[in-house]
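Consider the two complexes below, in which subunit A is the common component and subunit B and subunit C are the respective partners.
Up next, the complex of A and B:
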């Protein structure tokens, strides 16, 4: 036990004397969260639009007002002819153009139909799609309010978004970020710290010492379990304090699940370091094999349901996917273990698999 | 012969195509200071790694203090001290922290075995708060030795401990080894420096994975079969080149500012002097000399 403690103390010296490691450990969670929370949102505000309105009557003015006061759009230019649309788009500032037909209000009054053309700049399809939807929604709203008295029967859908009423992107990013950072810190840092000993030749001395392989592995892993935990708390705390991401379920359960995930990531890290003896290779494997799938194939950014079936199968082999599902369920829906036991079990399975593999593969000799 | 500490019989180790150790046999007595001399790639490091249980032998048997390197590797790890060829301590830890760390993982304390390392450690103690990575070569090596000794090993494996260390520190280091030997510790040490061979009890000359000879330094010198002269002249490079063409010469080596010229049988000193004069060499000095250990190894290695 004393040997083990000595070993852990040494590991902490390594971590705290390397300011780069420290920066990654504690700076990254905060920076990433703030980045994802503030900058990288998929909500669009203040998109610039151009309007061509040859009628300039009550109806067109009202619609224009509604659109401009929605907060989504800013009027960049009033166009004088249809032929100006193309050049305006080419300049790149304007993302959407509205074209009213002539005699708009009159036609609406007489025939009950008037036309508006909505033209989007689809060189960025997602943005164009969203802006068109916003604009259509506003126009429909206007129509409904105008016709409220005349149309005898209509169905008005009352939409309520459960668990994330304002559809904030940050609600989705916090769980994803937890998975990503815990994976990175746990797997990357342990694999680096073990391969560093191999590179410096100190592993030779550790092997020749009476330390058992399990002592070396657990001693290496222990500080990072602790630090990853601190990181998990930083992300949760920041998410809660700065962005108001709720933790509706039990915090204890959340931390326990995180502990399980951290252990899984750490054993992956050891596994990686047992396959290579250079820090560079370990880093490459960690980044490519672990980070990319965590970001792309875990449902963090892209929904799993929309992927081709081959990728979907791959997604189901990614431990972070289950972790994200679990913490989303606990944080946003306030669920208990009853709802996430299946994912927890799968995660536990991954953990024991990787841990057994890594201890088995750890060599008590060189090469 | 005293009781045997290290026993190696017919040891062979290969790495895919290369044969690192080829059918090696030797025994080291308890309390002996045993040296391995040989150029890079002779197989010294591989041998040390097998003896410290870091590598498995392909063929043959090795025992350290009666323990088999394959089966009883845990017991060997408890009682041996190892200093790898490359400086392998934690560079970001201070001198004192390194020492404490190695003491703890061997289940002891610095205080407990301070006697053994006192002589060595005292020299670096003024720098005990300095990071190991910032030490000079000689101090690094003293620290590494202290760390290898801190658990009071019965046997020490030192792989090229003096490589990259200045001449004064090298001398001091061998003084320390002598004291450790007096404390009863068996020491196996490898070195590429032939002059260090004379400081060992017995020396094994290694080349291409084989042991060419094992004997005491005195025996090595006594068995030197050639007649040797030291030749000095103004231009040493030209001298070396021309001496090789002198009829009857067996070998010529540069040795500091003089050339060591060996003949298979007796040679005429005056003839050689005249021959060199004829070749325009100024202030030629020729003296018959006793072979030193380096002359002997050079001869053994070319044989």
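Up next, the complex of A and C:
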């Protein structure tokens, strides 16, 4: 036990003496959370639009006003003909074009119907879809208010946005960022610190020491459990203090689940390191194989339910997906363990799978 | 010149002899491209709703059937208690609750307007916005139907209608894959390029082999060129490969000139590789280099406009984003491939990349010392 403690102390020295790494380890989550908390939003705000309005009458001006005062759109350019839309789109600034028909107000008055064409630059289909929806919504609302006196019966929707009244993007990104950073830091750092000893040749020294292999691994991993845990607390604290992301459920449960997830990521790191012998390969595996799937297939940005079913199956093999589900459920919905026991069990399953595999793979002899 | 060739040869040998590196550099990115491109959609196909109908009247049933009939919605459950429905939302089984209060039909007839409740799970603000928009649209259509049924001719005559037609240019079916392929391709070559170059020199430092190179008569510039060119070739090759895969599998449009793409790509790769080189010169161990690259990579990627629109970022962030090379290149790729933009359209982005390249490489060369 004393030997083991000595080993753990050595590992801590290793980390704490390398102040640059330490700075990055603690600074990175903080900086990224602050940056992304402010920057990453899917909310549409000030999207640039172009308007072609040949009628220039009361009705078109009113609709234009409604659209521009919504906060979603700002006017970039008044077009003089429909053929100007193409070049404007190609320059890439303008995302949406509105085309009123000629004699708009007159037609509306006489025939009761007038037409607006909404053209979206769908080279970005997600944004285009949303912008067109928003613009249509604004025009529809205008229409409803115009007809209000005439209409005999009307159903009015009362909308309640649960858990996230202001539709803030941060609510999505804090859980996602937690999962990504914890996953990458934990898996990456352990896999590197073990392969480093192999690459520099010092692994031999450790292997001939009276420490048992399991002690070596646990000793290697232990400091990173601690560090990742601190990181998790930093992210949670900042998310709560700066962005007002609530923690509605039990904090203890949240920390326990984070602990489980960190352990899972660390065992994955051990597995990677037991399969490789150079830091470069270990790092490429951790980053190239883990980074994009963790961002894309975990529900961090794109909802899993919308994906094709083959990908959904793949998503179910991604540990971060479960963690994100768990922390969203605890933090934002205020749920207890009753709602997340299944995900918790799956994470535990992943952990034991990775650990068993890496113990099988771990060699006491190197070459 | 000959010296550079030897260095290049050495680097290539090192990459190609490492059996575990090769698949990571060439196979994994392409596999990821093929798989991940399918993931990037916000499109809502099955909005799962739970209906709490406390009225059980003809009108309320008709309203429910409108939702049922829409291809976007899928009625997951019906119940008579809001509690039950909310519990299902907590378990993540439904995205929206449609609650119709008791006395709904009566009120509609008597007071001429009645309320229904949409309760949307808004953890993902963006999809919640879309769910709301779709639901309001369905309700709007149903309202029109009601009006047609109940209004008298005088009221009908006073009704106004604005018809909105929408069309989506460049991508009428809103196929998000064609949009994501160029973007994800850029990410993949960025990650590979930055990691390979970032870890390269620092590795020689850590293992100690840099000493051997430092004592040779090779010039700084030759050494750096020799280190960069192999990865530059690998990166361009990978881009060509990825574009071919994108064309064959996803049939991405290639409206503009490929020459323009590769011209920009060669400048862009130069920026990324010099960036890696700079990281390599200011760090001492591979671990540090990796962490620094990881930090910049995540920032660059998430701010690149690939996943979230740059326009919706706050002003200061958009200004900060001018320092993000990934952003420029993703814009160029998308503009040229999808919209057929010409050099004049992308010249601003292109020259920004050129300036970027010059600045970074001169800092990197300055920082690199042939002294241990």
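Details
Convention: the second predicted complex is superposed on the first by the 356 of 367 C-alpha atoms of A that agree within 3 Å, B and C clash if a C-alpha of one lies under 4 Å from a C-alpha of the other, contacts with A are read in each partner's own complex, and residues count from 1 in each chain.
The working rule: contacts are C-beta pairs under 8 Å (C-beta built on N, C-alpha and C of every residue); 3 or more make two chains touch, one makes a residue touch a chain.
These numbers come from a predicted model, not from an experiment.
In the superposition on chain A, A:6 makes contact with subunit B only, while subunit C stays out of contact range. Using the contact criterion defined above for the overlaid structures, shared-chain residue A:18 touches subunit B and also reaches subunit C.
Of the two partner chains placed by superposition, only subunit C is touched by A:325; subunit B is not.
In the superposition on chain A, contact is made by A:157 with subunit C only, not with subunit B. Using the contact criterion defined above for the overlaid structures, shared-chain residue A:61 touches neither subunit B nor subunit C, since it reaches no partner.
In the superposed model, A:77 makes contact with neither subunit B nor subunit C. In the superposition on chain A, A:202 makes contact with subunit B only, while subunit C stays out of contact range. Between subunit B and subunit C, C touches the greater number of residues of subunit A.
Touched by subunit B in one complex and by subunit C in the other are residues 18, 200 of subunit A. Across the complex, subunit A meets subunit C through its residues 18, 20-21, 24-25, 28, 31-32, 35-36, 38-48, 63, 85, 89-92, 95, 108, 112-130, 132-137, 139-140, 142-144, 146-147, 149-169, 171-172, 180, 184, 188-189, 192-193, 196, 199-200, 276, 278-281, 283-285, 287-289, 291-293, 295-297, 301-303, 305-308, 310-311, 314-315, 325, 328-329, 332-333, 335, 339. By the touch rule above, subunit B contacts subunit A in their complex via residues 49, 52-56, 73-74, 77-78, 80, 82, 84, 86-93, 97, 100-102, 104-107, 147.
Every residue of subunit C that touches subunit A in the complex is listed here, in rising order: 18, 20-21, 24-25, 28-29, 32, 35-36, 38-46, 63, 89-92, 108-109, 112-130, 132-137, 139-140, 142-143, 146-147, 150-152, 155, 157-172, 174-176, 179, 184, 187-188, 191-192, 195, 199, 203, 206-207, 283-288, 290-292, 294-295, 297-299, 301-303, 307-309, 311-314, 317, 331, 334-335, 338-341, 345. On subunit A, the positions that touch subunit B within their shared complex are 2-3, 5-7, 9-10, 13-14, 17-18, 200-202, 204-211, 364-367.
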